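Presented sequentially are two complexes of chain A, the first with chain B as partner and the second with chain C.
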Partner chain A sequence: MRITESMITRGLLVDVNDCRVKMNESQKSISTGKAIRKVSDDPARFTKASNLKEKYSRNEQYLQNIQEAIGWVDNTSTLLEDIYSLSLEAQEVVNTAANLTSDSNIRQNLASQVDSTLNEMLTLTNSKYLDKYVFGGNQTKGQTPFSLTEDGAEYTGNANRMYRKVADNAVLAINVSGERLLEIDPFTPMLELKSALEQNDTEKINELLDTMNTLASRLSGLCSECGTIKNQLLLSQNRLETANLNLETVLSNLEDADMATAITRYNTDELAYQSALQVISDVINNSLLNFLG
Partner chain B sequence: MSISRLMRLSNQALLNSRAAIDATANNIANVNTDGYKRRRTDTLQLLGLNGGINTLDSDTLLRYRNQFVETMLYREQTNLGKYQTTKSLGENIETIFGEGDDSGLQSALTNFWNSWQELSNDPESMTTRNTVVDKAAALSSTFRKLYDDLNNLKSETKTELQSKTDQINTILNQLQKVNRQIEGNATGDLLDQRDLLINELSGFMDVQIKQLSGNGVIVSSNGQILLADGHVSTLEVAETRSGDSSSLEIRLKNEGRALNVNSGELGALLETHKQVIPEYIDRLNSMAMAVTEQVNKVHCSGYDLNGKKAAAFFEASITNAGEMRVNSDLLGDASLIAASRNANEPGNGVLALRISDLQFESILNGRNISEFYHTLLNRIGNQVEEARAQESSQELIVNNLKNQRDSISGVSLDEEMTKLIEFETAYQAASRLVQTIDEMAQSVLNMVS
Partner chain C sequence: MDPFMQNNQTNMNSNFSVDIYFHFGLPGFENINDYSFEHLDEVEPFNILRARHDPKISLLLFDARLLPLYCDIPISEMEKKKVELKVDETPAVFLVLKIDSHEKRLTANLRAPIIFNFDTKMGHQLILEDETLSMEYVLEPETVNIA
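What follows is the complex of A and B.
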């Protein structure tokens, strides 16, 4: 085949350009650290990486949810434990009044002790965390959930649970609503105890021994329910953190450029480029004119 | 054999050599000229078979060319024009969606869904409520921007189409002038120029050339004659509107007929304008409308912080992504956002969770919004990747054909130098011949003096 100057030049330029294109690719990989920078680089991998990034981001949000939930649950736990302690105090009072003394004066003193315990308990059940009522169900603002009447407590909250999303298809209920407390009803026995002590009603006091026992153990049960919720949260947290660690690895494998490979490739491309340039200068300078006299 | 005949022969020899050197000189001078086809002397004319002495000038030199290769080259250049333009327009669309970093639609959507979860954690707080409004506004503005950018690209395509058409018209006019001159006197330079113009035209659209007996040509494109018998057509871009959509076509001005454009740069621009971009705009619109509709549906079933039944979250009844907006009432007062399923339960965030869960629901053609968007991105990526591959293989084909053409028509300096030496020697020999004959004539004359 007959070769002309224009063919040689064309071939050389195309090859040199190819070298430059390759060098450009390698250089971009190195400077961005990513092997895939846009969809058209590798559509299938890009889409996969996109999906993983979304999952990662969702998991981050769930971790955030869990973090905040743990704060709430810890607080609820502490409050319930305090309430439980108060019920133990009341239990002691009943024991003392039933078994140790039947002196009416002492009983009066005990009555006022019960009164202050009762008030503390009321305060505890009306506590707020981050400006929201802890035991009001969804009624977190406005009127206090519990108020005392002569016969017992009145509850103006509701029984609704607060839900926190901890996975794509899982929510956890994290609160203890006042309805549960009302079910257990620490207030009525204490009110009864107070009036029984005031009236020196020994029979009533003896009745209340059992009631207070049951009350304490039920309150303790509530505490451990709270503990269970906390454990579930921690489990989810653990799971999510592990998942995200794995996702990071997979994402890196999909997206990131292996530095060693990229730099080696760049050096090779650069070498090819320089060789091509060398060849161009040799070829172009050679013609018959160099040899004619 | 008379002396005078010998004289004439030697004269012819000199002229032949001079003509050959002339051709060589022409070739060397034009080694880098675009579209130049190397010349050679026409031996039939040189031999003076019509009687008499013929003088040759560079006008009557013949060109080396291969018609077949050139026809193939035109066709493949048209394809190259198409793939190049398709690729670069595809890359523009890819850049518009811009998913290489974290500023695209995907992260706007993720942030939006996450903000509802934050709200469900803390529905009483104005901070989380305002965040929801902010993220929703960011999402809407991302949708609007994408819509605007795609539509701008579409009109730029139209502008580009018009500019290319103007270029084509200029080429056609030049072709007509050259063609007319060739019909009068077909010199090598004019023929080269015509070929160059046709070459340029082939990048834009399909061209078919028909050679006429008198050196003229007819230029047509897919059956539509553009240049013939001194008549040249002018092309224009015509837009037909039907409702919201418009379609473009290339028409012959004053004749009303449309050109059948499949390939070339024109073909790629037309197809992108008519099909490729509108498809993506459609999908974008579907996404925006689905998000608006579904979020509104759930939102309206809930209650706001003031205990009232909630209104729409986004402005309802949009027809395209360019209209997506957050309900302006919410911008002023975030307490109107419904996080709660029931009235007067400030701590109820169930509705907010429900809205966040919309991201998992199949709200678009049986897919959830993230899958739908990824399908869209995948499609763009594949189109660009394919166009890129087609472009580079087409470049190889075109270069190959150009090499074939140049192998026949191109100038090789080494060859010309060699020929120069050859012809120079012949010229020297011819002049020697003249000298010898002159001496012979002298001898004859001396015989009789």
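What follows is the complex of A and C.
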């Protein structure tokens, strides 16, 4: 087969163009800092990076869930601590009343103090956070979960827990349901105390000394349960933050151009390009000279 | 025996690789348990932790002993047990580095060091509760003890 001048020139031009494309790629790698910008750069690496990015985004969503859950738990915790404080106030009242001689006027005053504590407690148990009842179970809208009757409290919420997904295979219950609060029942002893004070019933008041102590200690236990939920959330948060930092690190190793390698490759490509240009100019010059000669 | 120490004793200055088992995987890579710890002279003082069956998964590590502020970080006995260390034994502690190509800097996660027991060939990434420790501590020559 005869190789014509034009075939040589065309071949050289293809080489030069090839070098130019490679140079362009190296240049882009250096300027963007990314070794893979599209699937065809390195399909396996691109897929791996995409999977890791997907996992990273999922973790970000879990972190957001946790952040919201922490807000909910913090609010619940504050409410429970306030309810606990009210139970301590009632404990003080019962201690004072038990140590008094039978002065019915003072006991009447204490009864109205207990009444206002009771109402304050009812308001706290019917509190809302982000427009949802905190102690309504997962029934967070509609009728208030707690109401007072003559015999005690009535609960219209439910015992369900509110769950939040905090990892691919982990969910955490983040609420303390009103049912749990009703098990402890802070209302009945308060109502009984109020009634005993109004009737100046010293025997009942003395009986309530132990009941109020037990109530305070059980409410304190519930505050601790809330603290445990918060700790679990913080633990998951720390783990997810570390996971995302690990993922970011692996991703940057996968995606980011190794600057030294990219620069070396650019230099090599440029050298090849310059050589190709040199060859092509030599060939063209030679043929031109030959032609002129 | 600590492979770094072994190298010093035999006056070797060469690359080595140790297979390490992570019982709990690493956060973000919980399903990957087998890694190799690679020490390469050309990238010293950095080391590489690479998933054995998926070499694309790799982390850049930095010996925490080179960071003076990190020398007194306590590692609980419970964490030591996870790499089968005895009470009076000290683990090798490494920090995970991130190459931030935008800011052109290296950062270390001080909150989640990786501890190794090179005798049992076990590793574990723990999460410290101390919130004052930065997760993106910028490594600068003056903060690092490199001879």
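In the analysis below, the second predicted complex is superposed on the first by the 272 of 293 C-alpha atoms of A that agree within 3 Å, B and C clash if a C-alpha of one lies under 4 Å from a C-alpha of the other, contacts with A are read in each partner's own complex, and residues count from 1 in each chain.
Going forward, a residue touches a chain if its C-beta (ideal position, glycine included) is under 8 Å from a C-beta of that chain, and two chains touch if they have at least 3 such contacts.
Keep in mind that what you see is a predicted model, and the values were worked out from it rather than measured.
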Which of chain B and chain C A:Ala170 touches, first, second, both or neither: neither
Contacts of A:Ser50 with chain B and chain C, given as first, second, both or neither: first
First (chain B), second (chain C), both or neither touched by A:Asn238: second
Contacts of A:Leu247 with chain B and chain C, given as first, second, both or neither: second
Residue contacts with chain A in the superposition, chain B compared against chain C: B
Touched partner set for A:Ala159, first chain B, second chain C, both or neither: neither
Partner chain in contact with A:Arg58 - chain B first, chain C second, else both or neither: first
Intersection of the chain A residues that touch chain B with those that touch chain C: 44
Chain A residues within the chain C interface of the complex: 33, 44-45, 48, 55, 59, 235, 238-250, 252-254, 256-257, 259
Contact footprint of chain B on chain A as seen in their complex: 1-7, 10-11, 14, 37-44, 46-47, 50-51, 53-54, 57-58, 61, 64-65, 68-69, 130-133, 136-142, 158, 160, 162-165, 168-169, 171, 287-289, 292
Touching residues on chain C, where the partner in the complex is chain A: 26-29, 56-60, 96-102, 109, 111-112, 125, 127, 129, 135-136
Touch list for chain B against partner chain A, complex: 31-32, 90-91, 94, 97, 99-100, 106-107, 110, 114, 117-118, 120-122, 124, 340, 342, 344-350, 353, 356, 360, 370, 374, 377-378, 380-382, 384-385, 388, 395, 399, 402-403, 406-408, 410-415, 417-418, 421
